[in-house]
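Note that chain A is present in both complexes that follow, paired respectively with chain B and with chain C.
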Partner chain A sequence: MVVSASTAMHMSDGLINAPVSVIFAGVAVAGLAAALVGARRDLDDRTAPMAGLVAAFVFATQMLNFPILPGVSGHLLGGALAAILVGPWVGALCVGIVLAVQALVFADGGLTALGANVTNMALIGVAAGFGTAMLLRPLAARGRTGLMIVCFVAAFVNTVVASAGFILQFALGGDAAFSLGAVAGSVLGLHCLIGIGEGVITALTVGAVAAARPDLVHLLRGRSAPLELRDAPVATPKESTA
Partner chain B sequence: MSSGHHLLYRPGDSVVHRLPAQVKIVCALLGVLCVVATPRTEFLAFAGYLVLLAVIWAIAAVPFGHIARRAVIEVPFVVIALVMPFLGGGDRITVLGMSLSEQGTLAGWNILAKGTLGVLVSLTLAATTTPGELVVGLQRLRAPAVITTIATLMLRYLEVIAAEARRMRTARVSRGHDPRFLWQVGATARGIGTLFVRSYERGERVHLAMVSRGWTGRMPDYGAPATLRTWLTGLTPVLVTGAVLAAAVWLP
Partner chain C sequence: MTADTRRRSLFLVGFAVVALVIAGALSYLADPNPDGLDTATLDGCEVVETDAGEELVGDCIARNAQDHDLAASPLADYAVDGDDRFTGLAGVLGVVVTLVIAGGLFWLLRKRPHRE
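Moving on, here comes the complex of A and B:
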């Protein structure tokens, strides 16, 4: 018999059993603690509002849940966007906070699945997105088109790798009634589609920020072009006749 | 912060509303942990949890409709739960003339029951606690300052982004754009980068205004720490949940 179960990326309570939930809660706390240490250096008066805005933006885009197949709802993750704009440490914290507030206030994603959700989206996703962006950084520094291509690829990798984290957790603590291959196939396939949407939104957003305020893009830090000095004829005031 | 008119919050003056936020957060987390730890065939225990929640709603004077309308967020998960009985493998059982997988039916029920109870707990917390109070609660639970800073700014900026999106929509409409459902999505997608930059620039001014009025990254906290008695009152639902779980597991 062909078994095809499809599951939403954002896990609810009861999808993963209690021991695995507890293990991944530990992984999430350890990961966020590491991010906290790294973030202390990155967060100052100028980056604090950026971090808040990235978190709010990710929050708003994660609210757009779109059903794709029966029983499957996917949404944008925002990990690559956060990592490229505010760096991996603050980025992981931003996504983690979004997930925690969603679980506490908006009942989106289960409270006990929070550890697993944070591991997938805030730790694995941000790390994969930032790693990809760093590998392609020479291309990103070349110009706006290059930067947007890098953003697209990083966001795509972020989405697909984060969904692989879900498959790992389902393999460890999910219901044994479903064949893992079918779950993995449908989750990965679905997240390739979501990854394209995520890539487009990330590229558009970072492209606009880089055009207006390149100093705010963490990925481009230290790569800004030197100030260009141009010679121009000096205007001389005319004698007033009045 | 204009958190007084929040979508999920229902103003009130009950014991549940007055409980300090940190007690409610701990209570909700432990309660849901008990629910998830309950074996899926202990149907009476799940009924007990639901009755307990109904008692809390009655004490907090939150009407059932308020919770029910907001629980539709769970619908995508419910759909999975309803599909599972048809897709699972293993032994077959016949219900109402349909051949269902026993494993799949139980798995579906498991997600449906625990997911629904989890959503109801979160909604109860949100209905009796404003987002601002939640941040103060996290602060009193010793959450690091970086986290409360980002969380506070995030909640503040959600309103900035929504207001900026409204302004941009007004600007489009006043220039002859005729928004209909799908086309509006296209225009919003093209404008998303602009929305981000405009929100950042407004957000930067909001942040400077907050800093110049003495904000240091912590929410002002005028409350006293919760006493042992408050903790015991607040954790009563967890004790009841734990008792129901213990009864379900050990009683035959």
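Moving on, here comes the complex of A and C:
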């Protein structure tokens, strides 16, 4: 085949067999359907425009491959970033929409592999990243430095666990002629390095949003806190450097 | 429009500008090397330049990969009709398309305030 590896960013068709691709297409559809239901709770006049922009920002930033080793690059997946800013349900939809636009408009990421790519980056990555962020939320509430540390760790976990999704799919439906252990080692090792870049981008982005509009960072809001009237001052995290 | 709404709108416009600058300009600085997943699937192969493009020689997972069904579409591979010089334009279009689809969906899904 003719490759254009330089601009491909996601799994192509043919790496995973048809039955397993169909299974993960089902997983992706079910997951995104659940996200559609859950997202309603987190979307209002204030957060909906922000959420649209988060999807656009993830699309843009995924174009920005950064070097991780000589001859090897990585790019943001964006699951933790989106979930921390707009919540896990909306975040999963953001990444899912980005992957669909990439596959359908930019021929990036195979069409039959779309379900697997969505499962890995929009569902597994978001769940792992947001779960990590929630576990570390007390630290995030202590100030912007704490928030950025939480973002780094959550984004790192998001990247590595999302890449483990590929290993699972390859184990179930990949070419058995190749050693699973070698593939897993290579994929996980490289994604640990990519996770560092993902962590830095996520920490800087969320840090910047929190500095300007902490009310637009989902992780800093109460889970079911009613939207307060805006004449109350916005709660700002204590500066840890003070 | 309250002062807060105005400030928030300003922030959102700024966020949009950042996304457009990344996709439209910084994308030219992107590392052209294969990413982590591609590198892992290319392990064991050599990429050889031929008249038909790049071909894989050797034994690697990526040899199972098929060309994209939409490889001939006008914006394939973040170029415009295969021309890499327009990556920035392709990126800007991608940001706009993503914003319209995602923003439109989220706007439709949002909770409407109850009339008091």
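Please note the rule applied: the second predicted complex is superposed on the first by the 203 of 242 C-alpha atoms of A that agree within 3 Å, B and C clash if a C-alpha of one lies under 4 Å from a C-alpha of the other, contacts with A are read in each partner's own complex, and residues count from 1 in each chain.
One rule holds for everything that comes next: a contact is a pair of C-beta atoms (placed from the backbone, for glycine too) under 8 Å apart; a residue touches a chain by one contact, two chains touch by 3 or more.
Since the structure is predicted, the reported quantities are computational estimates derived from the model, not experimental observations.
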Touched partner set for A:R40, first chain B, second chain C, both or neither: both
Which superposed partner A:I194 touches (first chain B, second chain C, both, neither): second
First, second, both or neither for A:S163, with chain B first and chain C second: second
Partner chain(s) touched by A:A56 [first = chain B, second = chain C, both, neither]: both
Which superposed partner A:A48 touches (first chain B, second chain C, both, neither): both
Which of chain B and chain C A:S186 touches, first, second, both or neither: second
Touching partner for A:C94 - first (chain B), second (chain C), both, neither: both
Residues of chain A that lie at the interface with chain B and also at the interface with chain C: 1, 3-8, 12-15, 36, 39-40, 43, 45, 48-53, 55-57, 59-60, 65, 67, 71-73, 90, 93-94, 97-98, 101, 103-108, 110-111, 175, 178, 209, 212-213, 216
Chain A contact footprint on chain C (complex, rising order): 2, 4, 8, 11-12, 14-16, 18-20, 22-23, 26-27, 29-43, 47, 52-56, 61-71, 73, 75-79, 87, 90-91, 94-99, 101-107, 109-111, 113
Complex interface listing, chain A residues touching chain B: 1, 3-8, 12-15, 17-18, 21, 36, 39-40, 43, 45, 48-53, 55-57, 59-60, 65, 67, 70-73, 90, 93-94, 97-98, 101, 103-108, 110-112, 175-179, 200-201, 204-209, 211-213, 216
Parts of chain A lying in touch with chain C, wherever the complex brings them together: 1-15, 36, 39-41, 43-61, 63-68, 71-75, 90, 93-94, 97-98, 101-108, 110-111, 163, 166, 170, 174-175, 178, 182-183, 186-187, 190-191, 193-194, 209, 212-213, 216, 230
Chain B residues within the chain A interface of the complex: 8, 25, 28-29, 32-33, 35-37, 70-71, 73-74, 76-77, 79-80, 82-84, 87-90, 101, 103-104, 106-107, 110-111, 113-115, 117-123, 125-126, 131, 134, 144, 146-147, 149-158, 160-162, 189-190, 192-194, 196-197, 199-200, 203-204, 206-207, 211, 217
